[in-house]
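Letters are used for the chains, namely A, B, C and D, taken in the order the chains are written, and counting of residues starts over at 1 for each.
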Amino acid sequence: MPQMTDERVRAGMNREEDLSLLHEVSMKTAGVSHLEMCIQCGTCGGSCPVAEDMDHTPRMLFAMLRAGIREEVLRSNTPWLCVSCYHCVVRCPQEVHIADVMYTLKGMAIHAKLYTDSTAPHFSQTFVGMVETFGRGYELGLATRHYLRHFPLRLPGMMPMGFGMITKGRMAIIPKKIKHIDQLTKILNRAKQLELTS
Amino acid sequence: MNKYLLYPGCSMDSSAKAYMESLNSIVEPLDLHLEEIEDWNCCGATEYLGINLIPAYSLIARNLALATKQMNGTRTVVAPCSACYLNLAKADYYMQERPTLGAKVNEALAAGGLEYKAGTLDVRHLIDILVYDVGLEAIRSKVVRPLSGLKVVPYMGCMLPRPDYQHRWSDHEHPTELDDLLRALGADVIDYPLTTECCGGHMTQIGPESAFELIRRLISDASERSAHMMVTVCPMCQMNIDAYQNETNHFFGTNYHMPVLFFTQLMGLAFGKEPGKLGIGLELVSSRNALANLGIEVPVTQEPAAPRKKDEGLPMPRRWTKHEGRKEEMK
Amino acid sequence: MDNDHFEPTIIGFTCNWCSYRASDLAGTARMKYAPNVRLIRLMCSGRLDPTFVLRALSAGADGVMITGCHPGECHYIEQNYKALRRYLLLKRVLSGLGIEPERVKLVWASAAEGARFASETTLFVEEVRKLGPLNWGKDSDQLSVISDQSDNWSLITDNSSEEVPA
Amino acid sequence: MTERIGVYVCHCGTNIAGTVDVVDVANWAAEKLKHQGVVIAREYKFMCSSLGQELIEKDIKELGLTRVVVAACSPHLHEKTFRTAAKNAGLNPYLVELASIREQVSWVHSNKTIGTAKSKAVVSGAVSRVIENAALEEIKVPINPNTLVVGGGIAGIQSALEIANAGFHVYLVEREPSIGGHMSQFDKTFPTLDCSACILTPRMVEAGTHPNITLLTWSEVTNVAGYVGNFHVTIKKKARFVNEELCTGCGICQEKCPKKVIDDVYEAGLGYRKAVYTPFAQAVPNFPVMDKENCTYFIKGTCKACEKFCPTNAIDFTQQDQLINVDVGNIILATGYDLFDARRVSSYGYGRLPNVFTSIEFERLSNAAGPTSGNIVLRDGKTTPKSVGIIHCVGSRDKNFNNYCSVICCMQGLKFAHLVHERTGATVYNFYIDMRTAYKAYDEFYQRVLEEGTLFVRGKVAEVTKAARKESEKGKLIIQVEDTLAGKQRRIPVDMVILSSGLQPRADSKEVGKMFGISCSMDGWFTERHPKLDPVATMTEGVFIVGCAQGPKDIPSSVAQGAAAAARVLDKILQKEVMLEPIKASINKETCSGCRICNGLCPFNAIAYIEDDKISDINPALCQGCGTCVAACPAGAISGTGFSDAQIMAQIDGLLLRNLITA
């Protein structure tokens, strides 16, 4: 009889958590996720236009959620690569809200600080920061800030494009701000509190 | 007059200025009245949803709440941008599917003195309005300069026909709305198998290599099919394929030159408007040569159609139509 | 009165072909639902004489659930439409009598819909719980199945149940 | 008269006793319901066992019980058992009442205190009710020995032959011009690879020539009236425009007919037929039919080539649809399935990409009698594919389409793989979610196909596209799929794609079910009486379902069901008469005011107004016992046996413990 090692005990405990991870993701997802209905058919992984670059196919992530493998899921680049094209969503035979689950996993990874490459989270956060400040997206500021931080070497290469966009008036130099930004701030602050309490 | 509430979205006055300008020039001939939602804010694109759930939906719902205040005579919100359309439609749908989400969002809205009851508004995309409300017949009747000789690939993009919460589109994978509209303008529409594939979305910002591959697939298939240009309905698609085409060529060592215009720009041209009034020229990959195929600048050299070979093969099944789909659902 | 501790008593009418079989299916599938409903099997929801409902309410029921086959799927072709008509009429009569019409509910459940039968039952129990006891034609003693302890009526012998609502 | 009532509470092992204190329930009934007439209350491990039944029989005899209440399972399971026991002991079976404390109590609640309390209420209701029960006599009706079989596929043919061989008459009705069904379109049958036509044709001929079978092809049932033993069926025999008495089936008319039409039915749209045609060479009967929609004479008013050349003058353009009435005792529905329309899965490109084929198209392609004489070629009609992808679960196991497994597609996919391999030597891929090869010799077939070198990819195909990304993909169909076992997305270029489409209920199954008085599941398949123990009977006595009408199944299962239903029908025929539940409504002539409100309520036309007496009357043979008229009679003149007002009112009082109040 093999001895009950600490690893085994811990594995057993982790198994206790299996469903709790799946349920946590389900609860945090907008709409009804149907995650527990996944039959591992691979329609999602087959449909995904960026699957080649992903650490795990979406299907594998769902299997890992079931198995309670939290860290590896939240470290995966898969949710960050999701382009929200919804091919998998409309094709999924079990109506899993795959794209929305990806959003949830991104949020969880940010909170747990478990992503491996910060490019994508920073881009999202920079974008959100702009929206919270101005109420509108501000492409020039976003691109500049983002590129300075993550692709400084590519910035000169992007210049012709950026220049073209500016000269053709397709990139605003000055950000636009909505009138009632204070109202939006109040709403978002309240929403953030609600998010914490949930 | 057909009145609608307009949610333009951030890109319409910057990167997709051409879309806005061309839209403005076709509303009058089509007798459309678009009333902009007062003080609308950004929909959060694909970014906010990945950070915080309730704030993301509250951000979107503020627009819906504001729109309900302007609801005299219409309950339809029109979004010309596919990402905005999807976000607005999604918030409306999920606030119903998950009532707890709806309640929390409303609690947040209340902090700003607003409220939105899910299901109050009808969120629709611009092309949906044009094809199904205005109608192809009405559009055809306004055409004074048919686009014959212009070979176009209709590029719908992904966020418009999917996930399609309200079952508005003819098909999730190969919708025909844009094809039909372009055909009504007289253009030579090419069957484009990638019409609802992704343009890369935000990947141009966070993982350019992945995005370039997606862009390459689109433009290479379009030029493989000898298209003069791609026609799109979404600012993000236009931006990615247009602004990043040079980079993509650079990355793969290719030499594609595939202009991308908004469908409203082509409508304007077909309605006889001046190219300058339609934002033509704002694209980075110039459409000048492509437009030269149109009668006015350069005489059209229309290739004689190849004589159809007698079909000796096996007959094809009839194509699936939206009509049949509806019937199937009724059952 | 604290409605949370009030256990409503409900009489449920089922048809022999769909909804009684739905409740059978809920049983075979071991689906748990609220125990407050006691069923009476009829051959068809069309057999439901509105006076049955009035009798149940006046004899101590807090609510009545009427169930039958889905419209168009009646074993007797279309008799459940007649049940529907009577149900609508009955609701008007009840309002006239000063009784909340929500105390009577019509639920369609096919023989395959055990889950629906179970969830609708639980839902209706909660709805009636919110309305509170009917107290129509009841004596001062409560006739609740579960919580009643007054000697003569008590169905529970071990006294371990919840307090009797006053 | 005070009744002497016995109450019997069943443990059902621990099924009931686990959640209900059965001893307490029995004691409670003996004590609290004594004033109602309960003289004995017992509990027993298994009331339905022979010992349990003997217990009741003994008490009836020795204690002189006049009423019995059994608190056990649902009446749908054992009502008959206990009624028979009572009958054996000399008590009228309708004086027994079942109180369900299993399906309606112990299985749906988990708290024993609550379960026990509810059981007491249920028993109390049954005791109050049984007092009001009346002794009833079952109604005997003679059985008409003729049988109607609807649908001439393999299942229907099997049923018809079994009954006909036993010496009884069968009307076999088929909507298409020939019997044979889907099986006649197939090339080979799995897992033994028998030639489909070789094994089916002899059966078809036997059915077509059997003296006990009246074959009605090109016909549809339009109305069904009556009840078990005595159904009156109306059949529309569509005009064939060919006189069956004169036609010899020589085929000259087909040869001479100038109008070529795509054959959407038999050739699945891949081949052609004429406007006057027999669907295939071995058709039974061999008389052609005229397709009025496409016939030049019917469209333009001239042509009549067939008439000119017919050697026996059998062509008759004046023929009309004919209504035939037949009386039968039993009905077997073998109406089959529709193939899932693969165009609905737009990502697979059927209807858009020429070299995507459906399973039925492939059957015709591989069939030696098919449009390509059995050559497996692309849609250009000549190129042999070098690589073929077979996609499983098309339209099945998918909430966007049909949620259920279509049963046959895995084996069908394997069969196709074998045929492609054998006939073309092409590389074959099978794409599956789960490989389902249950049943005799099926998995061995899977092994065989593996051995032949077919490549298997576990993954539901995401899309089939013509958009090439690489040189090697150009001009091919690219199957994009996640190989879930390798965890990688793959793009596999092939020349031909075959969609193993699922089965779905007939488009008109709901209406057909309604006509025959049976119900459909949520998916649309006909519902059997019991999913395990009574799979071919329905809730309607005398109506049976076989083959795919009941749910997706393969040929062996369809044949087995066909034979099973025949055995059930023969059983009924041989009994010569059938007992009907005496649950009927009747009108009290004294109190009926002749208001005629009830007349329009009866869907079975059982209530007639008698002009002379100025009252209404109910025909018990037609009455189905629903009780709607009972509930509607403003004068209370209609009473329903088995479910009388008095019974139900008493049960209400009993359930609410009103019966405990002693005056």
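Of note:
One rule holds for everything that comes next: a contact is a pair of C-beta atoms (placed from the backbone, for glycine too) under 8 Å apart; a residue touches a chain by one contact, two chains touch by 3 or more.
These numbers come from a predicted model, not from an experiment.
Interface comparison, A-B versus A-D: the pair with the greater number of contacting C-beta pairs is A-B. As a whole-number value, the distance joining the C-alpha centres of subunit A and subunit B reads 24 Å.
Spacing of subunit A relative to subunit C, judged by their CA centroids, is 48 angstrom. Residues of subunit B in contact with at least two other chains: 172-173, 197, 217.
Contact with two or more other chains is made by residues 347, 463 of subunit D. With touch defined as above, residues shared between interfaces to two or more other chains in subunit A number as follows: 87, 90. Chain contacts in this assembly follow no simple pattern; the graph is neither a line, a ring, a star nor complete.
Considering their complex, residues 28-32, 49-50, 53, 79-81, 83-87, 89-90, 99-100, 102-104, 106-107, 110, 119-120, 123-125, 127-128, 131, 135-139, 143, 146, 150-151, 154, 157-158, 160-161, 164-165, 168-172, 176, 178-180, 183-184, 186-192, 194-195, 198 of subunit A touch subunit B. Residues 24, 28, 74-76, 100, 102-105, 107-111, 113-118, 120-122, 125, 510, 514, 517, 519-522, 527, 539, 583, 601, 603-604, 624-628, 630-632, 640, 642-643, 645, 648-649, 651-653, 655-658, 660 of subunit D are the ones that touch subunit C when the two sit in their complex.
On the subunit B side of its complex with subunit A, the touching residues are 10-11, 13-17, 39-42, 44-55, 57-59, 62, 90, 93-94, 97-98, 101, 104-105, 107-114, 158-159, 162-164, 172-173, 196-198, 200-203, 205-210, 214, 217, 243-244, 246-247, 250, 281-282, 284. Of all the residues in subunit D, the ones that touch subunit B in their complex are 262, 269-270, 341, 343-344, 346-347, 350-352, 354, 358, 371-372, 378-381, 463, 465-469, 507, 524. By the touch criterion stated above, subunit A contacts subunit D in their complex at residues 39-48, 51-52, 56-57, 59-60, 87-88, 90-91, 93-95.
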